[in-house]
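Naming follows writing order (A, B, C and D), and every chain is counted from residue 1.
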Amino acid sequence: MRNESNVSSYSKVFPATFEYAKGDILTDKNGKEYIDFFSGAGALNYGHNHPKIKEALLTFLEKDAIIHCLDMDSRMKDNFLEKFESIILKPRKMDYKVQFSGPTGTNAVEAAVKLARKVTQRRKVISFTSSFHGMTATSLALSGNLEDRQKYYPSQEVIFFPFDGFLGEGADTMEFMKRMILTEGSGVELPAAVILETVQAEGGVNIAGTKWLQDLRKFTEENNILLIVDDIQVGCGRTGNFFSFERAAILPDIILLSKSISGFGLPLSLVLIKPEFDQWKAGEHNGTFRANNLSLCTASAALDFWKENNFQKDISERSLLISAALERLKTESEHIVAVRGIGMIWGLEFSSGDIAGKVAKALFEKGMMIETCGNKDQTIKLLSALNISLENLQRGLEKLSVAVMSLNKSEAVPA
Amino acid sequence: MRNESNVSSYSKVFPATFEYAKGDILTDKNGKEYIDFFSGAGALNYGHNHPKIKEALLTFLEKDAIIHCLDMDSRMKDNFLEKFESIILKPRKMDYKVQFSGPTGTNAVEAAVKLARKVTQRRKVISFTSSFHGMTATSLALSGNLEDRQKYYPSQEVIFFPFDGFLGEGADTMEFMKRMILTEGSGVELPAAVILETVQAEGGVNIAGTKWLQDLRKFTEENNILLIVDDIQVGCGRTGNFFSFERAAILPDIILLSKSISGFGLPLSLVLIKPEFDQWKAGEHNGTFRANNLSLCTASAALDFWKENNFQKDISERSLLISAALERLKTESEHIVAVRGIGMIWGLEFSSGDIAGKVAKALFEKGMMIETCGNKDQTIKLLSALNISLENLQRGLEKLSVAVMSLNKSEAVPA
Amino acid sequence: MRNESNVSSYSKVFPATFEYAKGDILTDKNGKEYIDFFSGAGALNYGHNHPKIKEALLTFLEKDAIIHCLDMDSRMKDNFLEKFESIILKPRKMDYKVQFSGPTGTNAVEAAVKLARKVTQRRKVISFTSSFHGMTATSLALSGNLEDRQKYYPSQEVIFFPFDGFLGEGADTMEFMKRMILTEGSGVELPAAVILETVQAEGGVNIAGTKWLQDLRKFTEENNILLIVDDIQVGCGRTGNFFSFERAAILPDIILLSKSISGFGLPLSLVLIKPEFDQWKAGEHNGTFRANNLSLCTASAALDFWKENNFQKDISERSLLISAALERLKTESEHIVAVRGIGMIWGLEFSSGDIAGKVAKALFEKGMMIETCGNKDQTIKLLSALNISLENLQRGLEKLSVAVMSLNKSEAVPA
Amino acid sequence: MRNESNVSSYSKVFPATFEYAKGDILTDKNGKEYIDFFSGAGALNYGHNHPKIKEALLTFLEKDAIIHCLDMDSRMKDNFLEKFESIILKPRKMDYKVQFSGPTGTNAVEAAVKLARKVTQRRKVISFTSSFHGMTATSLALSGNLEDRQKYYPSQEVIFFPFDGFLGEGADTMEFMKRMILTEGSGVELPAAVILETVQAEGGVNIAGTKWLQDLRKFTEENNILLIVDDIQVGCGRTGNFFSFERAAILPDIILLSKSISGFGLPLSLVLIKPEFDQWKAGEHNGTFRANNLSLCTASAALDFWKENNFQKDISERSLLISAALERLKTESEHIVAVRGIGMIWGLEFSSGDIAGKVAKALFEKGMMIETCGNKDQTIKLLSALNISLENLQRGLEKLSVAVMSLNKSEAVPA
């Protein structure tokens, strides 16, 4: 549209005008269909317009239930909190208080950092290379991935350390961080918190090792530094378990959820806080659209998937299919540098951002939505719905294979 | 709920568990009804579950329209942008680009400040005493209203100046600001932007005079300082016109809308930018829940109210009723210090926060929701829906009158 | 010299190569003499090479006394501290601890602000329009006078308020500051300290009224804000008393002295601290050239002037002479906008910086050193030695008169 | 003294009242003598009251030469600049502009960082673990060594990286820094400057390797980052050459000198700037005691030592003596962990700060002044005059040996 701001970005990456969406398929206004390997940047783990969730939503709307009520108590909020406790927290032996921050991921990040600073009375926050946490002042400063967008802001007291693997095979990045923080006279103050994504999605599908995560948890615990896990993109089942850190058997002090927590693409964010750190005064962090009941309604419905035994099993099955397909493709194409992934988030790293971009663009033309990520946009990120049909998954992987192999024929291999 | 964070605040102010809401009436789970003079802190200018908007929403949902698509182009986004242009901007001779920031007001504030800093290459931002702009780092720092919540943050390069009237009758606060900014050697750098609410809602229903607003516009224009009007709470008709600054016949450089823009209490924010300042690069400010189509659907439906000639006339009629009732009450009660208001936002200032709190509490018990505001919570803020039924308006004003007059009998007048 | 940095400034203002200096007269390498109405920017209150001080210095040097000993105890340091106590502090009933900060004024400022932040556990510091406090990060940020030099630095948490008179006759700047600081929700945090020059020398010879100073002292005391008086340029007798604030009968919490404290132009700074605020840990602020004994030797000798009854009387006499001459000149020249002064610091404000610059330049050519000051360099600052000979004072005032009156003939009066 | 601030520190380390000092010997008021292995924390490289320098000083004083003249041109300044060019810069093929900053080291640091930010238009500055640069806001923030003194200051945009050796034998700290700065998305902005001491004196006599220094120079040059060498403590011959970086055959962009540059313990600082970076405007960094001529007089006299061929040879001879003595001592005492040194700066690291402190204290009682350094004060720092007499050097080393060996008998070896 003529009067939309230049800031609009996905409209340039996916140049079509969309009209309908159901499950794994989007349809534009001309009737062209697209298989979805993008999932609203991680906000649609259960696909578009899932009938079960939609049914709950319609029922809720039809009875004139209260929709907007800030953080007042409501039947729907009670309902959600009970289900979240019984379906998600209890079975994992997790004891957390639930804060409804403003309904965006970045708002949850801001709340978490504010609370960590309050609790510890310290000011510095540690973040990692290639991280992404959002677009408001604090979140932006925490995003290694975004440096030139930071220059319009004053310093936010953030210190960056290398993520697991950032310094190459041999280097022990955790040991380095410990030494810089703990050695007297190093110039690095003891921080209020460390914030991390256990799998860096925007940063290129970088997966922290379980030992690294355990070391980090031990180190932060011993030094009374709050560990904040930003599970906004890779929580809600994306890595195979509901929380991304379950594979390392650790418990963060603060956990951030957003994107797929509403299950339907509606705005909602949660900040989970260990009870001893829930030192908020009433209203100390607020917001108009906290705990909005339309999102809580779909979120409650989506929690039901996690009662089903088969749900996680189906993810594993799909994960194996993707893994196998990508590894095969890697052996066939010299353009592919690496394959990384876990659960339903997979990265196919190419030798350059240019080549990855060509593949994504070709796929869009062929009716498939997929995005690049990484510091140089050199990695294709496979991010379909967790419950994508096996048929669409297969079709998508084939399209991807064709696009990569076409590349092989027409593109010169970089020197 | 046992597992909700202590941060929850309205649940303490309005201690009930709500279940239904329609128009001006909320109903709790025990069937008790409440007249709404609160309107979701300004997010429900058209009341709860307005049937016209709800109908649009149900139609949209039923056809499996795409709901979550970030800022990709969609039928619904096109539709909204066209209607916003033709119904709101064109008739007011306003030429602005529309940015969909993250769907919270604070995100719109962050986007605006970031853009102003980029455009001007300056770092300081001016805000006013008693202002409120939100809870993320930049917005919080811009909120005079919130000082003790700021201590966990580094400096955000904000300078505070007195709002119109802050220094008492005679004092020319605009002249003071000009002198501090323009005199060489004053220590005050030329700022990137000035941000203001033309009516400070949280700050106590403080209303900037039209001359003051015009002087500010002239001053900022002459000095290439961007003027940002935060119309999040008092836009969308709250003051009688769609935008709160229309009464002063000025055009800000950036306008922020949220709260009632979706018309249904769903999360949505807009940043309106004069075309010459739309210097964003694609994706320079983004967010998962920008331009979510469920909110755009209800927002589009709500715009239709502004096509009707009678809509603004009805607001005026109600405004006069409120004004008359409050002025009368003031003459009758010695507890009332001042009456301030415009359109459908009115403040009844009491001699102390304690007394105002007692009135609000008594009203809640009698089935009416109303909130206090101001630096010491000494002001009762009347914020009903713009289209509240005359009957409910009258009932509410009577309840208020009774509560205040009961106070007269039982309370000692403060010395 | 070819290899000196461009940063050199006085070499451009006073383009000569100086060789000798005695009392009120400088001599350049060509033998040309200059009457000194500049006094090393305030560092030479007792004139150049005063024989009594020089004698003390030579004696000290000849016996191989220890010269550099950081802040170790030494005979000379003991001697100085005793004399400072008995000659300066005791007779004024002042009880202060003496800190030897690094030997520059800016270092004393940094120490004072650091201490105030430590004592109060607050971070903001208030400074005034047109102030000057030095060139290191904190001092620079406190200098309203210097704004474009601040842009290379991060924010230093400084808030500027209008100095007495800055807003014109009627305006009560102190009342304004109180209201901005004390009103809840104003956005202005309670500061750690207020720093001020009671007479702004660089800022244009702006003199705070005694009532204003008393109000400030009362306000800061009542609110546990530390009051720091920067007496670096106008202490050591410049305003007629040893300390510039004596005329207002107030006692600051921290007092900064430098420039003329050594009496001979040698680097030395003192930070005087009320005992209850001397909360330093040993070494918490240090520096190689603290308490250097060569400076302490001359400083001790200079203190003797303050034992003499006639010393202050002589200042008064000279002050009256200057005042009369300037007031007369003002009646005679339409270029002069204002005359301001106290003790031995006087400002002659012209209608523009251009005209003031011409006068200063003409005087230098005629053998007289005098400097401009003020936000637009529009004020000639008379800053001779306190003990300038009556003959040289008279000669200087005549030269000044001639220069101004010549201007009258040749210059067009600005429209 | 009763009225001196608690901040005084060396008076507690060396509890005596000093009166005379000549060459390598200090004498207290009771006539007790002390051999000087401390040299005024590096400000007395040529010993106390060197007769040649003193003679120049007395001659200068006796003729009433101008002493205080800010940065005006003077015979003495010309003289100094010529000698500095011909004796120091020319023979080393160094082309630098000379800035006289305020006469303290910290002021030189502040000037250098301000200039680097201006030249590069970037804001971040890199410093190293265990560094020390001074006590004003910027310098303090650059001092890893001092972390708890930083908490009273806002962030100064400093990033710390590990100094050569900080991470232990195998770790390539330079490679790490390069990767963190150059990898896109690392979160670390390209900095304005890197500041370092090639030998960290306060930090524990840590010596950067020549390859590390060369790599750093190459890296900073290729990325247009200004390299600032803080030679305040280890310049002026301390490491054997006049500049400490000569051993690595590199040329920094900015060089800071202070402490021993005046040769007599008088306050003086120089900022040497490559001509292309001398982008100061006149007066953009100033100060009352810049270029004070008394210090320039002694500094000029001290430069003469560097004309003598034997001067550096004598340093080498002494260095070898110290090295041999310390290595021997290390083999004899199990309390000594490491010996590090170069030229005339040597560190004897003990197993704890407690033990090192006992040795220093015992030595003071036996008439020898020596200081500890390092993050835990665990290292005795030998810092005698460069031209210490062989006799006093030998006596000092023997005293040290006795003190350490006495320790062996009485102290339990830590587990």
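The working rule: a contact is a pair of C-beta atoms (placed from the backbone, for glycine too) under 8 Å apart; a residue touches a chain by one contact, two chains touch by 3 or more.
Since we're looking at a predicted model, the values are computed, not measured.
A rotation of 180° superposes the C-alpha trace of chain C on that of chain D, rounded to the nearest 5. Taking each chain's centre as the mean of its C-alpha atoms, chain C lies 31 Å from chain D. Centre-to-centre separation between chain B and chain D, using Cα means, comes to 59 Å. Note on chain placement: the centre of chain B and the centre of chain C lie 50 Å apart, centres being C-alpha means.
Listed for chain C are residues 154-155, 157, each touching two or more other chains.
Judged by the touch criterion defined above, the protein chains are all mutually in contact, each touching every other.
Considering their complex, residues 154-155 of chain C touch chain A.
Residue ranges on chain A touching chain B, taken from their complex, read 1, 3-12, 14-22, 26, 29, 40-44, 48-49, 54, 57-58, 61-75, 77-78, 81-82, 85, 89, 96-100, 102-107, 110-111, 114, 117-118, 123, 134-139, 149, 152-157, 258-259, 264-267, 271, 273, 278-289, 292, 294. In the complex of the two chains, the chain C residues touching chain B come out as 127-131, 143-147, 150-151, 155, 157-160, 162, 166-167, 171, 176, 179-180, 183-189, 203, 375-376.
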